[in-house]
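I've put the structures underneath this note.
In the two complexes below, subunit A is the common chain; its partner is subunit B in one and subunit C in the other.
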Partner chain A sequence: MINRRNFLVKSASALAITFVVPSLLSGKAHAKKPLAQKVTDKQSWGIHVDAGKCVEGCTACVDACNEENGLTGFGRPETDSQWIRKVTVKNKTTDKITTMPMMCQHCENPPCCDVCPTGASFKRVDGIVMVNQHTCIGCRYCMMACPFKARSFVHETLTQQNTNAPRGKGCVESCNLCVNRIDHGSETTACEDACNKAGHSAITFGDLKNPSSKVRLAIDSNSPRRLRNDLNLQQKVFYSNI
Partner chain B sequence: MSEYTLQKLKTCRYAYWGIFLFLGFLILLGIASSAYMEHEGHYVTGMNNQIVWGLPHIFAVTLIVIASGVLNIASMSSAFNKKLYKPLAPLSALFAIAFLIAGLIILVLDLGRPDRLIVAMTTYNFKSIFAWNIFLYSGFFVILSIYIWTMLDFNVSKYSSYVGKLAFGWRIILTTGTGSIFGFLVAREAYSTAVLAPLFIVMSLLYGTAVFYLLLRIISKLQNINIPDEIVTNIRRLMIIFLLANIYFLILYHITNLYISKQVAVTTFILLEGGNYTTMFWLGQVGVGLLIPLLFELTNKENRNFPLTLTSIMTLIGGFFAVAVIIIGGQAFPLNIFPDHTIISSSFFDNQIHSYSPSIFEFGLGIGGTSLALIIILVLITNLKFIPTKK
Partner chain C sequence: MKHLKISFLIFILSVGIQNVSSHDGSPHVTTGKSKADSQEACVEPTELMRKEHYMFLLHQRDETVIDGVRTKKHSFANCIDCHVSYDEQGKAIPINAEGQFCQECHVKTATNITCFSCHAAEPRFPQHSGMTSKMNSNDINELVKHINNDK
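Let's turn to the complex of A and B:
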């Protein structure tokens, strides 16, 4: 039988479980930057890839990205999503062979955002280019416009998605620099973590505006280049030693 | 045709219902195809992450290009004051509306999320040529509807010439917009050129005139009337001019690309090394679509109907190949992500010519959409007075 004391104790417990405990837990994991904090242009996120350190045959970054974002394939490589892929190239003049990861290059002037009819492809003020899964109509014009083939269209019904990376059948998607981690205060991406763990340290992520950030230090000491510089897209992914 | 009245289509009931049911069946197939594609996901189509636009887009772009071109006949009357075409102007505007609707329906039903059409209609990114096209298409629909009204209602007929001129200007901008969907894609060597806009305009003039003539022939058979010789003569001359204009812009497009070093590879691919795409280009687009029709028409000095019918059909087959070569051929050639490198391996097919085998569902959607245009025309000309008949 419920009395007033019981009622108050149970109500307080329910409230605590619903509101206090999750905030404590999330506070522990992501203490630096709660989700409610507004994204600002004080940071500009970017990646430096040192192709000299990238090892052919290693797919640690690809595997980590797939796990982070729940990109489980259907055994159909032509239609399965790939947010990051490994590419091996040979220099036409020197014959030097290099391998490196390719992903969305997070352009300052992104063609995908220019052509998107609904504005679902957008660039955040901190430089992350991503797709609003609620307003993407699946026209694939952004895929036609992207010079880096960085985008994938979700061709099949998805089940058991990761809650931190919601995806949608019939929508376009691509690398979003692990935006969910960043917005929770993390300073690494899944691919960077995996590359470090594999002992290669070819991928360095960080704030391009911070002169002492690891990504800036990597860029300053390597004089990297952007892919397709002729297009003047001002990407935030830089490559060294190609 | 100085003295004429507009009549409804008066044909045998069996012929009408036969055509209606046949087209209706094809439309149902189109709906079923689209429903299956949306339910299962696009993996059941031939499209993939390499060839992202496929057969539905070939149908849709061809129909939209035809929609603007088929208005030619009405524009001759209103914008260029050629009295000969005035009786045919309402029919021409009706065809334009029907083909526009069909093209757009196919585009919408091929979207990954067709249920979000309302988002596309209410949320705009004005930097996108696609968003401009949504305005251009809906505006064209409204202008054509008003144009037809001013032509059919005597009370407002004094405005028809003005609305006709507006429709003519709009259609030029609309086709420029359609061509620019490709022309603005700087990343793909096959597309990034403004020449595509005028190329699309001359394509629309050619295919639109061919479609108009073919439909006029069918209607005249059903109605048991003759197409005046003067009209046939003029359409033949127009076809020759438009065929020559198409050849000119096609040569200009490829010569331009051959002069720009970074675009030589893709042009060589289309013209020489592209396998099926090269065959489609030379045999379909150039041979069947341009050169043989030109030869037929130049030798058709008596302005006979049969060669004109044949060349119209060939022109349309060639036109379909032309759009296919532009859309699929342009995507099949891999992106030049590393201009000073050769890609040796990639899990995302960066180093390969991309393959595309259209599925039956895409074909069903395209045929269903095309049938929708024809059924709209059939129903409207049977119930409203569109067909000019001598008094």
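Let's turn to the complex of A and C:
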């Protein structure tokens, strides 16, 4: 006879078998940080972009970022928030045209943090450069300091923000390497997922300190460079084939 | 006279707080039902939450943003998930709307918070992520998602 208690116990064990066991078997590439633990400098997040694989006209990464972070425009391209954008450049001597995504380059020596009067612009110990919106006063010095124009200012009252991506008027914002996803153990950013799904695989995210991470493999098998290397900002976003 | 005014104010405030502290059967003035309505306890003793809920929030705020701590217990998103009410159609009612959990009490106690100019006042996730929050936790898929998320 199955009584209520028995049924519950049985369903609970069935659940455990279906959902716990696969997670044991899946063999994650990096150990997931327990949610209660603070981030450490044992990891250093970065991105490799293979511009050779980036396709002109494709905006999959931009669209995915907008969806992930609830970025909606007001039909004002000059001021609407962009955390990632597509840039097309032409080499003057060879006429070679390259298209690639540009986002916060997550500098090791970030000028945005140097100029921030409140410390709201900061580099997390695992290398993510971001804005603490609770202390941002909206002065926009960081936007002027950034050589990559990676930051946006929210000019309008917002509604319909995503639970995982609070944002609002009067604050500066930029790519945070999908920090919420990463903290919850995701191994990909939204832009990377979308680029893979579109069949291009131009974006690779991962831990730069782990020699067998996918981003390190991508970096080691290409010979990428940093943009504006002359500024010695030691960015953690690398570009190949530009 | 000044003292009288102050004690009157304190009286009003304390009456106000008692009026909304429900969960003992009488509805706390919200129209629909929330997950909290069917639960026994908050994330800390009710007495403590009533007085110091914002201390937990402000602490969690820095732990999360600066140190990447993502525990659910004092997470703002989690308060909303549990306390938000749903209308008859199962649609979430913004928790800061008139008469809703956070708003109702703050109006009575003359408190103003700006958190919801940035934070979603109801559970809202991007379409693709497959994370949803509905009232009906009998739904096995929902349960599975919660179990997975809790790890």
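One rule holds in what follows: the second predicted complex is superposed on the first by the 207 of 242 C-alpha atoms of A that agree within 3 Å, B and C clash if a C-alpha of one lies under 4 Å from a C-alpha of the other, contacts with A are read in each partner's own complex, and residues count from 1 in each chain.
Note that in this section a residue touches a chain if its C-beta (ideal position, glycine included) is under 8 Å from a C-beta of that chain, and two chains touch if they have at least 3 such contacts.
Worth saying up front: this structure is predicted, and the values here are computed from it rather than measured.
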First, second, both or neither for A:P117, with subunit B first and subunit C second: first
Touching partner for A:E68 - first (subunit B), second (subunit C), both, neither: second
Touched partner set for A:H184, first subunit B, second subunit C, both or neither: second
Which superposed partner A:T157 touches (first subunit B, second subunit C, both, neither): both
Partner chain in contact with A:S221 - subunit B first, subunit C second, else both or neither: neither
Subunit B versus subunit C as contact partner of A:N109, first or second or both or neither: neither
First (subunit B), second (subunit C), both or neither touched by A:V87: first
Between subunit B and subunit C, more extensive residue contact with subunit A: B
Contacts of A:K169 with subunit B and subunit C, given as first, second, both or neither: both
Subunit A residues contacted in one complex by subunit B, in the other by subunit C: 157, 168-169, 171
Touch list for subunit A against partner subunit C, complex: 15, 19, 23, 33, 35-39, 67-68, 70, 122, 124, 126, 132-134, 157-158, 160-164, 166-169, 171, 179-180, 183-184
In the complex, subunit B residues that touch subunit A: 38, 40-43, 48-50, 52-53, 111-114, 116-117, 119-120, 123-125, 127-131, 134, 181, 184-188, 331, 335-350
Sites on subunit A touched by subunit B in the complex: 62, 74, 76-82, 85-93, 97-98, 102, 111, 113-119, 135-141, 143-149, 151-157, 168-172, 227-228, 230-231, 242
Residues of subunit C defined as touching subunit A within the complex: 61-63, 65-72, 77, 80, 117-120, 123-129, 143-144, 147-148, 151
